[in-house]
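We call the chains A, B, C and D, going by the order they appear; numbering starts again at 1 in every chain.
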Amino acid sequence: MRILFIGDVVGDKGVSMIHHYLPKLKQTVRPQVTIVNGENATSMGRGITQSIYKQLMSDGVDVVTLGNHAWSNNEILDFIDDAKRLIRPYNYPRRTTPGKGYTMVNVNGVQLAVMNFQGRVFMDPLDDPFALADELVDQIREETNCIFMDFHAEATSEKLAIARYLDGRVSAVVGTHTHVQTNDARLLQGKTAFLTDAGMTGPADGMLGMQPDSVIKRFLDQRPARYKVLETGQGIISGCFIDIDDKSGHATHIETVSMTDDQI
Amino acid sequence: MRILFIGDVVGDKGVSMIHHYLPKLKQTVRPQVTIVNGENATSMGRGITQSIYKQLMSDGVDVVTLGNHAWSNNEILDFIDDAKRLIRPYNYPRRTTPGKGYTMVNVNGVQLAVMNFQGRVFMDPLDDPFALADELVDQIREETNCIFMDFHAEATSEKLAIARYLDGRVSAVVGTHTHVQTNDARLLQGKTAFLTDAGMTGPADGMLGMQPDSVIKRFLDQRPARYKVLETGQGIISGCFIDIDDKSGHATHIETVSMTDDQI
Amino acid sequence: MRILFIGDVVGDKGVSMIHHYLPKLKQTVRPQVTIVNGENATSMGRGITQSIYKQLMSDGVDVVTLGNHAWSNNEILDFIDDAKRLIRPYNYPRRTTPGKGYTMVNVNGVQLAVMNFQGRVFMDPLDDPFALADELVDQIREETNCIFMDFHAEATSEKLAIARYLDGRVSAVVGTHTHVQTNDARLLQGKTAFLTDAGMTGPADGMLGMQPDSVIKRFLDQRPARYKVLETGQGIISGCFIDIDDKSGHATHIETVSMTDDQI
Amino acid sequence: MRILFIGDVVGDKGVSMIHHYLPKLKQTVRPQVTIVNGENATSMGRGITQSIYKQLMSDGVDVVTLGNHAWSNNEILDFIDDAKRLIRPYNYPRRTTPGKGYTMVNVNGVQLAVMNFQGRVFMDPLDDPFALADELVDQIREETNCIFMDFHAEATSEKLAIARYLDGRVSAVVGTHTHVQTNDARLLQGKTAFLTDAGMTGPADGMLGMQPDSVIKRFLDQRPARYKVLETGQGIISGCFIDIDDKSGHATHIETVSMTDDQI
C-alpha cells in the first residue's frame, strides 16, 4: 500500500490547503490511505475542533494525528472519545488522558495501524515512548505488520533513536512538530522508512505558520506574546509518501512532497 | 561569489570526508570560498584540535566555524587566539571568552565577513544573538555587504526568526547543530539566503555521527552515557552553496548538497 | 540601616496581608526601609497593576521589585515608566524593555540602591546577570556602598553563585521566585547578607499561592491548565530583615521572618 | 517512631560528618531509624561506592537513598542489586534499571517503608512519579501505614504537589536535591509531614558542597567545567526528624536540624 502523510496543518490556511490541494496531490501520488497531523488546525493555530476534524475527514483524510498542542483548544475534551479516526500521542498519562493513541484502518482489506507518540527531549515529561512503543508494537504485530508512527518531537536525536529502536518492526516512523521538512527520507537497515520531520501545511511565508513580527518580537523582548496565524500570502502543503509491502510491512520507498499553492 | 558551506564535521570520518571528497565536491560546485563547521571534528566527536584545524585549512577550507561543542576539547584554549580563520559563536560572554566571533576573508578582491552565532532556545544562556548580530552587522556593513552567518541553534523558530530579523542586511543565514539537513533552502524577501540546517559530515549510518547503540541506550536507561563516534560504514558530506552579488551582498541562489561517499 | 524585605506577594490575599499585617510586622522589626516583591500581586497571581502598586506604596512599602511575571498583566506597559519605585529585572533586553532595573532610595539621609536581577538557569535567556551586575555595582558604588539585590531565580546554585560573586561589594542578595523560604540566612565572608529565597506572601494553604487542585491536576494530566489563586484559608507573610552599616555597606545581621495571620 | 533524615551527603567531608557527628546528633534527637541521601557521597561529589555505602551503614545509617547522581560512579552497577538498604529513585525505567526504589525496615517491630522518587521538572524525563507513587503506596499500605518518601526534585511546586497528592496516605515527604534547607517543615492537613528540602551534609563554605571558584567560573564563561568538592573549612550536617504514630502512620511532628561542626 501507499501511505500519504501530511505534516502539521496550521490555521485556516492549512485547512484550506487540505480542502483545495489534497485532491490534486492525491491524483499525483495515488495513495491508498492519507494521514494528517492536525494539532495546529484551529484558526488560532493551536488544537483542533470537531468541525475541523469532520471537514478534514470529508476532504479525504483517513486518520488525524495530534501532538503537544492537542489540548490547546478545550473543545477536544468533548469529542475526542467519539472520534474514531482522531488519535493523540499514546504516551500521555494513561489514567487521565481522553482519547486513544492508535487506530486501525482497513486499507483495501489490509489492516494498517497508525500510532502517534510524543518525544520528551525539550518537551513535557510524558510516559516513556520507547518502552510503550515497544509494547504496543508487539501487541499490534499480532494483528498486522503494517504500522505507521507519527513521532511528534523536537530533537533530531530522539526521532532517529526511536526509529532505529523500532527498525524492522514498524513500516515507517515520520517526525512532526518542528514545522520544517528535513532532507533525510530513507529506508533504515531493517526496512523501516524514516523522515525526521514532514514539515508543515499552511501559510508559506510565516514563521512556522505564524505571523513573523510577533515571533521575532518575542525573541527581542523576552516577554510573553501570543502568536497569531499568518493569513496572507502563499500556502504550502508538506509531507511524504511511503510504499509498504502489505504482507511483511516492510517499506520499499519513501519520498518527500512539498508544494506551494502556485506550484500545484 | 559562490560560497560553499559544509555542516558539522564529525570525528575522524568527517575529517577524512573533507580530505578525500571536498576537492571533488569543489570541482562540481566551483565555489570561491569554503566554510566548514568543525565543532565535532575530534575523534571523540567533540571540539577541535590545532592539528585538525590545520588539516582542514590545508584541505581547502577557508574558514572554520564552531558551536556549543567548541570548548569540549581543552586544547582549543591554547591555539584559538592565534588561529586566524577559526571562529566561535560571537555571543559567548565578551569578558571571558577567547577567540573571536567573526572574520573577514578576501574573496578575489571582495571582502566576505563570516560570522558565527549560537541560539539560546534549549541551549546555554549566551548573550543575546539578536541584539549583538544587529550591532555587528551594522558595523561590518561599513566595510562590506557580503556577510555569511552560521547560526548554531536547536529550535527551528529561533533560526528562522534571526534570518528574518537580518533579512536584507546579510547575504545568508545557514543553521547548524541538529546534524540533519532541512529541505527549506530559499531566498527570503530581502534577498537573504536561508537554510534551517546544513546537516552533518561524517559517518552516514550513525546517530547524528555517533554509534547508535549508546544513544538508544541513553534513551532507554535515562542514565549518563558517553557517546562514541561511529567509525564504520558509509560517509556523508552535507551542506549548501550560495551565490551572492558581490556589490549588493544579495543572495541570488541557494542549493543544498548532500552526498554519501559512494555517490561522489 | 535596617531593611525589611518581603517575598513574592500573591493575589488579593497577598496584597491584603501587606495592608493588614505589614504595619504590625514593622512595629516588631522596626525597619527604616521596606522592599516588597510584587510580581504576583494581581488577583490572577500574575503581574501587577497601577492601583495595586499605589496601594502597596500607601501601605508603607518603599520599593516594589518584580520578576519573570512582571509582564503577565499588560497594564504594566502603561505605567512602569512613570512608577518611580517600581523596578523590574535589570537584565531584560536593554533595547526593548520599559521601566528600569534599579532605584535609589534616601533612607534617613543615606542612599540605598535597590537592584532587581533575574537568573537564567531553568528560566528565560535574559542578558548576563553576572556581567551586568558587576558593571552596575561598580557604577552605583561611586554613589553609595548600601546596595540591596533581589535576585529572582530558580536554581539554588545560581543564587549562591551571584551572591558570592558580589560578596563584599553589595550589602545583601536575597532570592525570590520559588515561593518557599529557605533556612540559610547568613553573612558571607565579605559581609554580604544572603538568603536563597525569601518565601511568599499570600494564601498559606495553597500551592505556592495557587489552588492545589489545579496544580496537582497539571502534574497528573500533563495538559495545559490555568492556575487560580487560592482565596480561602490562612495568610502568610514571609521575608527577612537585614542590618547594614551605612558607611561601609557591610551587613551585620540577617534574619528571616515568616508568620501566618493568626500568629501576628 | 522517630525518623531522622539527613540530606545529600557530599564528598569526603560529608561522609566524615556522618562518621563523627551522626552519633552526637542521634544522642540529641534519639531517632529509632536513620535515613541518609547518599547521591553525592564519593570524593568527586557524584555517586556512591560500595565502601562508602558500607561505611555509612556501619556509622549508624539504616537506609541510603539516591537521586539523579546515582549513576555518576559506574561502580554502583556492580553492587546495587546486592545492597539491601540502598535505594534509587523508583521511577527510573522499569525494564532497564538495576536496584530497587523502596525498602522495608523493621523499626522495633513496626514496618517502615522507605521510598525514593525523582521529580521531572527541570530534570530527566523518568516515569511518572505521581502515577507510580499512587500505585506503590496502595500496595505498601497493605503491609504498613508507616511510609517515608525522599522526593529528589528541583521545583518547589512539584515537591509540594506530590506531598499534597499523597497527603494522608504516607507519613512524610521530604525533598532533596537543591542542597539548601527550606524553612517550611509542617504537617499537611492529612497528617503527612512535609519539608521542601532537607539541605546538604558536607562542606559548609562551598557552593552546595563544591569549590565556589569553579562554579562561579562556569556561570561567567558558559563553558563546560568540572566541579570539585570543597575540602577545607567547616562542615555542616542538615536534615530533619519526624515523629509518626506507628499504627496510623500519621505524622505528629516534623522539625529541621542543621548544624555546623563547631556547633555540635
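Structure notes:
The definition used in the following text is that contacts are C-beta pairs under 8 Å (C-beta built on N, C-alpha and C of every residue); 3 or more make two chains touch, one makes a residue touch a chain.
These are the chains along with the protein names UniProt gives them: A, B, C, D = Calcineurin-like phosphoesterase.
Computed from a predicted structure; not experimentally measured.
With steps allowed only between chains in touch, the distance from chain A over to chain D comes to 1. Where chain B touches chain C, the two copies mostly use the same residue numbers: shared numbers make up over half of all numbers in play. Centre to centre, using the average C-alpha position, chain A and chain C are separated by 44 Å. In this assembly, the C-alpha centroid of chain A lies 30 Å from the C-alpha centroid of chain B.
Across the assembly, chain B contributes residues 93, 95, 125-126, 131, 220 that each touch 2 or more other chains.
Here chain B touches chain A in the complex through residues 122, 130-131, 154-158, 160-162, 164-165, 178-184, 196-197, 199, 205, 207-208, 212, 215-216, 219-220, 256, 258, going by the rule given at the top.
Here chain C touches chain A in the complex through residues 71-72, 92-93, 95-97, 124-126, 220-224, going by the rule given at the top. Chain contact summary for the complex, chain C toward chain B: residues 93-95, 120-121, 125-128, 131.
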